[in-house]
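Which chain is which? They are A, B, C and D, in the order written, and residues in each are numbered from 1.
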Amino acid sequence: MTLFEASEVDKLFPGVRALDGVTLKLEAGSVHALLGENGAGKSTLIKVITGLYKPDGGRLLLDGQPVAFGSPHESASAGIGVVHQERNLIPGFTVGENILLQKLPTSRGLVDRGRIRSEASRWLAELDLDLDPDLPVTELSVAQAQLVEIAKALSVESRVLLLDEPTASITPNEAERLFRVVAKLKNDGRSVLFVSHKLEEVFQICDTVTVLRDGSSVLESGALSDLTRDQVVDLMVGRVHEALKLPPRTVPEAAPLLELSGVGTATGHVDVDLSVRPGEIVGLYGLVGAGRSELAKALLGLDRITAGEVRVRGEVVRIRNVRDALKNHKIGYVTENRKEEGVFLEQSVSRNIAVTVWDRLLKRLGWIPGLSYVPRKAESALVADYVEQLGIRIASAEQLAGTLSGGNQQKVSLAKWLAAKTEILIIDEPTVGIDVRTKDAFHTLIWDLAANGLAILLITSDLPEMITLADRVVVMRDHRVRGEVANDHDYDTMSQQVIRLIHAEAPAPA
Amino acid sequence: MKSLLRFARTTEMTLLAIGVVFFVFLVIASHGDLLEANSLRVLLQFLAVPVLIGLAQMVVLAVGQLNLAVGAVGGFAACAMGVLMADHGVPVPLALLIGFLLASLAGLANGLLVVLTRINGFIVTLATMTVLLGVQYRLVGTRTVDAYPQGLKSFGSYAVFGVLPLIFLVALVVAGLLAVMLRRTVPGRQLLASGGNPIAARLSGISNDRSVIIAHTLSGAILGVAAILTIASSPGVNKSIGGDWLLPSFAAPIIGGALLTGGSAVVLGTVLAAFIVRFVDTARAEFSLEPSWVNFVVGTVVLGSVVLGQVRTRRQERRTVVKAPDAAVAGGVS
Amino acid sequence: ATGCSTKSSNDATGTSGDDASTGTSSGPVELKDGSSVKLALIPGGAHPYFQPWKTTAEQDKTDFKLGGVTFNETGEWDQGKQNNVINSLAAQGYNAFGIFGVSPTDINSTFEDLKSKGFAVGSLASCPAGDTNSADFCLSTDVEAAAYKATKATIEAIGGEGTIVHLTGNNVDSNTQRRIAGVKTAIAETNGKVTELPVITDIDKDLQTAQKAVADLLASKGKEIKGIVTTAYNPAVAAADGVASSKLPIKVVAIDDDAKILSGIKSGGVAATVTQNPVGQAYVGGWLLALLGSKQCTMKTPGVIVDSGSFVVTKANVDTYDAERKAKTTELQKDFAAQLSCK
Amino acid sequence: MSAPVSETATAALQEPDAPVEQPRGGRTPWWANQRIGLLILVVALSALFGILRPAFFNQQLVVFPLLRDIAMFTVVGLAQMCVLSIGHMNLAVGRMAAFSMMITGISYDLWHFSLYAGLLVGLVAGTAIGALAGWVIARTGVNSFVVTLALDFLLLGLIPLVYTGLTDNAAFVTKPPGMRELRNYSLADVCIGNVCGSPAVPQLAMFAVIAMVVVGWIYSRTKLGRELLMTGTSVKAAELSGIPTARRVITAHAMSGCLAALAGFMLAVSTGSIKATIGEEFMLPSFLGPILGGTLLAGGFISVWGTLLGTALTSVIRKGLDLLGVGLESLNIYLGLILLVALSTDRFRTVLSDRQGVKER
């Protein structure tokens, strides 16, 4: 029977019609997928359901009874648990308090620490996650943090659980664990809404699916069993979407542009060997927290390199900071953390793209030495060029980057490095939370950049992506390189080899 | 055990150590005079108000706000009470109650203004400060009001065993209550949650607006108590009351380890910091130092200590996953 | 004749002597027509000392039939703000100004501005720092002399020997510097009998700061101290109260005659206070400014400095000192009459 | 120039049927623009005061000093704005002015420098002390609020020590030639042929104009300015885009110190002497101007014009109340209330324009 129903829901934002008569039915004891491209309205729908946004039209029914939630608090007490797309933990608080934040247990008016501990550990146990409830959340890894959020969602005795891209920042293994929990909930007769851009997962765990496009539902509660991956994609994209075909690409025989030998870092890496040749895409795979991003940051001089040597174009170098890397070595880094490190949300698109090239554009002011300015014309010309070529869909280059969708923001974050004419590009998790079609576009772009001779180090936790793009896959774990696999672009064989490498017994530390 | 270790590394611990050393040093320097009942009494007597104004600031810092009106609220409340008792013969308890409520209302007003207008708290309290200073002057002009019942003054000067001033104990009680409120009550936790990560708090069904209002009102209430202690312990009240509260109110919590971005409750730290600042006064009298030297030293020490403290914690920074959004120092929570 | 031994007032009386000999006007000059004069009395900011000015201004108005008077304390102890206030008043037709300059080192510039625009300007209750006074005259307590007297009184109170300490206000203010000097002279004269602890400055900002400083002082040095001389308002109030509650045999000499201090004198908590002559300053000052403003008279020696007098008040003369002060005021009027050359 | 992106990729990246993403809203209507709102407010108030008190337009006695104040406090506001642009605060802005003027004073008194040589020394000193603050912040990552607060204490102690040590009445009174003229001269004293400027505009104001032009140019046109704003928006992103954030933090605070010094000089000139209390009244105005003018406390957005207008608004209000003869018992009450109203109306406009699907700034 239907546990929860949202019918004909509308939601308007200044300038945007985020939801337009969306209908969604959640059955007891089933897992329901909510799919759609970036900006399709998935998160908005979830926020409407949980009472964060007030719907501009339509009705919500719980057990057939119309409900209107004024705040997340009300929806929670009605048994609707949610894991939002945004990070959602309070820094100063313990794991336990964060899990039970919505309804802290009290005795005689005071918060009851004991019960927090006991109840929290109960929920943690349900996710078979052994964490000390008294641990401050600041000491968690990304994956742990993610799982704590899920425990938090469960803690409201939720009969309906809404998961907005819970797997975006965790790797298959943690995902697997999560799926086991979902299965358990399903058997308990609860109902789960699952939002993800990773269709493999969706087909793995979901029973029914609703697809959104531009804020309206193009498929309502279809059974996934009688749908193919392509059909779903076509529905999301709104036209026939042919699977990505990449032109053949051969890696030229050349000396490596970037080469690490026996590198150790302040953040705990132990003799890391790695090399990337021009025109080559080297994939760096590993579990969350394996130390890949940190390795990249160490390369850029953000963390100290304590051992071994880094060679760029054959010469041993000591990179002091990003500026140094960019100016003197033509190395660029597309960060995994788009919103915080990738784009300046409160600045114009134009400045976001031009930030790396002002040096190059500078014009002397008359004869006065040292006095120079950024010529507006040249700047906007350059920006327009990249906006056009990367197909960034914006009204004007002056609008704030914060108003763009995930996909376009990622394009902006990439554009500045292309504009800087870098020759070595480190790309970290380029397609997290980005929809199928834009994803394909990025894959084509990365592939093509390599074809044009860039040396690319691709960090990703998305195995299919890795297998589509990389020439070689280097596997990392616990800040060590665990091995390397030449890529034959065949999903099954590759995935097996990689996973095996990850779980291989650790070699005795050198 | 683990938590014990954690405490050992906290600012509180450091402050405690510094404080003890400082005190011992002063005792030696004064050839033990400082241990005489009278000296101790004086030392504690003038700790009460600094502790309270420090806490009043700390509470608003906890939600990532600032309160520039601490002095104005306190001074205004004190003068109001004085005038009520001296000019209108209002009975003491009633007058004190009214004063306390006025201060709380002023705080509430700050909170409401911040929430309703969405103007940055820094500016709002700046404006209310100006207004309240005006009101304070209008109340007392240039006189010093002191014609209020002796009973109140004897309360202000009474000391248990001639050592523990009543007003100091009151301050400690307030501190205790505040600590419990912030650590163990639901509104307290919600307040800190809003300060620690407003977005997350909102997604968890906590009303940040409510937290901001509560914080400002609490701040006002604490200042109300401070005003009561002031009028009870000082020879009289005039327009200068509260004039010197602003800087100390920030110094105490900041030295105590409060984060300006919000989310930290450092009651103990604030109290300890107030002690240390007080010791500096004592030292000033002991060695009859010029105030200039005192400021100079305080500035240098604070800068030095905070710098050292920070370098340590900063190492951690980049490695933590869960972070509060880099809210502006005085950024309002919305 | 002023019974006060300072340079400035000696000049005053001295010159008046000459005039007597040359037989020009003596005795108060009659103001013919004050209706053209709009008088503004402008203190540095709100302070009990200036409150008598308010009423005296009104009295000036009635006695001399002035076109208008105002009392404006919105300078808030900031020279910039005070200058603005003065200009605004000038713009509204006030043409005679009695000013207490916030910053003695700056106020001459303000005076010059006003003079250049042809206004009558008197420096009241404080004279510009340095040797020049750009106002028409300066009628003020000689702060150094006042501090000197206060210290003398203290020394007397403690029986001629012992340790005393001086509490005062803003250290970086030339008047404070003068007070400190005054105290030192008095102590020097006892050649060693009386010693002084390091002066405690910057405690006039607010009452609590003063109170705390006093309490700490008494706690740490209470036993050695025999007398406290204060030359600022909040410290005076705090000292009186602190000594009283500490029950130490310390003699406090205060400043000014705010109600609170007088009650202290009566109750014996305060040994003595040195009062100044705000009324005299406002009254005589107003009269002079009227004469100058109406162009009836001019100063013989522009910028002359006259001591408006300071009076030691003890329990003995607490009820009578005001008469003495009034006498001084009329005397001041005479002195000035001799300073004027009138049509 | 052209990007290293080949047709195939470009083709793949185009999403013809994807919606063009509108800046939430679009154009801001003129009445929702903060600066214009302020301008109207200032003009309206001036007119109102002018009607109530014709003296308000008295050139020598009202307009001249008013403009002199506005000029000075605008520079003060700019000093604060520079650090606000990177999301920092400078609580020592006043004390920095005092410090640099102390150096200037010494240069006049002891080394007999000329007026402008002294000013230069002051500016250098200001820049240095500002850079010091910036350096501590950049080096340690301690919150600017804390650092500048501590620095304020430090200077608060240091300055009187120096003054009492070097001078007998706690001020440097030597006036180098030209100081008095600078204080009193207006555009009426600069003539081309026989056409002279208005006597209402003080020459001192030229410093403010210069400061505004330079700062404005830096922020709108130079790499430095842009990098400051980027740093203000997100330090992390800036660092990862190759902006030397640490150096930018130092620059911003140095600029702040330099402007503070200039403001201190203007104050010293307009009141008459160089003394320890210079800058004591700077802190609050330094925030009011920029904030009223739309500069974000959070950093990343500044407005030079706004700072001027915000300062003008506060000065005009105070002057108006002066002329209306409002006594001290009401003055601050009115000031505070008017301030709140001004701020709220601005907020109200923003909300109203958001209602119409418009996003401010």
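Please note the rule applied: a residue touches a chain if its C-beta (ideal position, glycine included) is under 8 Å from a C-beta of that chain, and two chains touch if they have at least 3 such contacts.
Since the structure is predicted, the reported quantities are computational estimates derived from the model, not experimental observations.
Novice: Count the C-beta pairs in contact for A-D and for C-D, then report the pair with the higher count.
Specialist: A-D
Novice: If I average the CA coordinates per chain, which chain comes out farthest from chain C?
Specialist: A
Novice: Any idea how many Å lie between the Cα centroids of chain A and chain C?
Specialist: 75
Novice: Go ahead and note the Å separation of the Cα centroids belonging to chain C and chain D.
Specialist: Here the centre of chain D sits 39 Å away from the centre of chain C.
Novice: What's the distance between the Cα centroids of chain A and chain B, rounded to whole Å?
Specialist: From the centre of chain A to the centre of chain B is 43 Å.
Novice: Among the residues of chain B, which are close enough to touch at least two other chains?
Specialist: Within chain B, residues 137, 141, 290-292 contact more than one other chain.
Novice: By the touch rule stated above, which residues of chain A touch at least two different other chains?
Specialist: 302
Novice: Identify all positions of chain C at which a residue touches two or more other chains, and write them in rising order.
Specialist: Correct list: 46, 171.
Novice: Between which chains is there touch?
Specialist: Listed by label, chains in contact pair as A-B, A-D, B-C, B-D, C-D.
Novice: What does chain D use to touch chain C in their complex?
Specialist: 53, 55-56, 58, 60-62, 65-66, 69, 159-160, 163-164, 168-171, 173, 180, 183-184, 267, 270-273, 275-277, 280-281, 318-319, 322-323, 325-328, 331
Novice: State the interface residues of chain A toward chain D in the complex, per the touch definition above.
Specialist: Residues 13-16, 39, 214, 238-239, 247, 300, 302, 321-323, 325-327, 333, 335, 337, 340-347, 351, 355-356, 358-359, 362, 372-374, 376, 382, 385-386, 389-391, 393-396, 398-400, 403-405, 408, 411, 415-416, 418-421, 437-438, 440-441, 444-445, 447-449, 451-452, 454 of chain A touch chain D in their complex.
Novice: So in the complex, the part of chain C that touches chain D is made up of which residues?
Specialist: Per the touch definition, chain C meets chain D at residues 46, 70, 72-74, 76, 78-81, 83-85, 87-88, 90-93, 103-110, 113, 117, 129-130, 170-174, 176-178.
Novice: Using the touch definition up top, name the residues of chain B that touch chain D in the complex.
Specialist: Residues 113, 117-120, 122-124, 126-135, 137-138, 141, 247, 250-251, 254, 260, 290-300, 302-303, 306-307, 310-311, 314, 317, 326-331 of chain B touch chain D in their complex.
Novice: Give the list of chain C residues in touch with chain B in this complex.
Specialist: Within the complex, chain C contacts chain B at residues 46-48, 50-51, 171, 197-198, 200-203, 205-209, 211-213, 215-221, 234, 237-238, 240-242, 245-246, 258-260.
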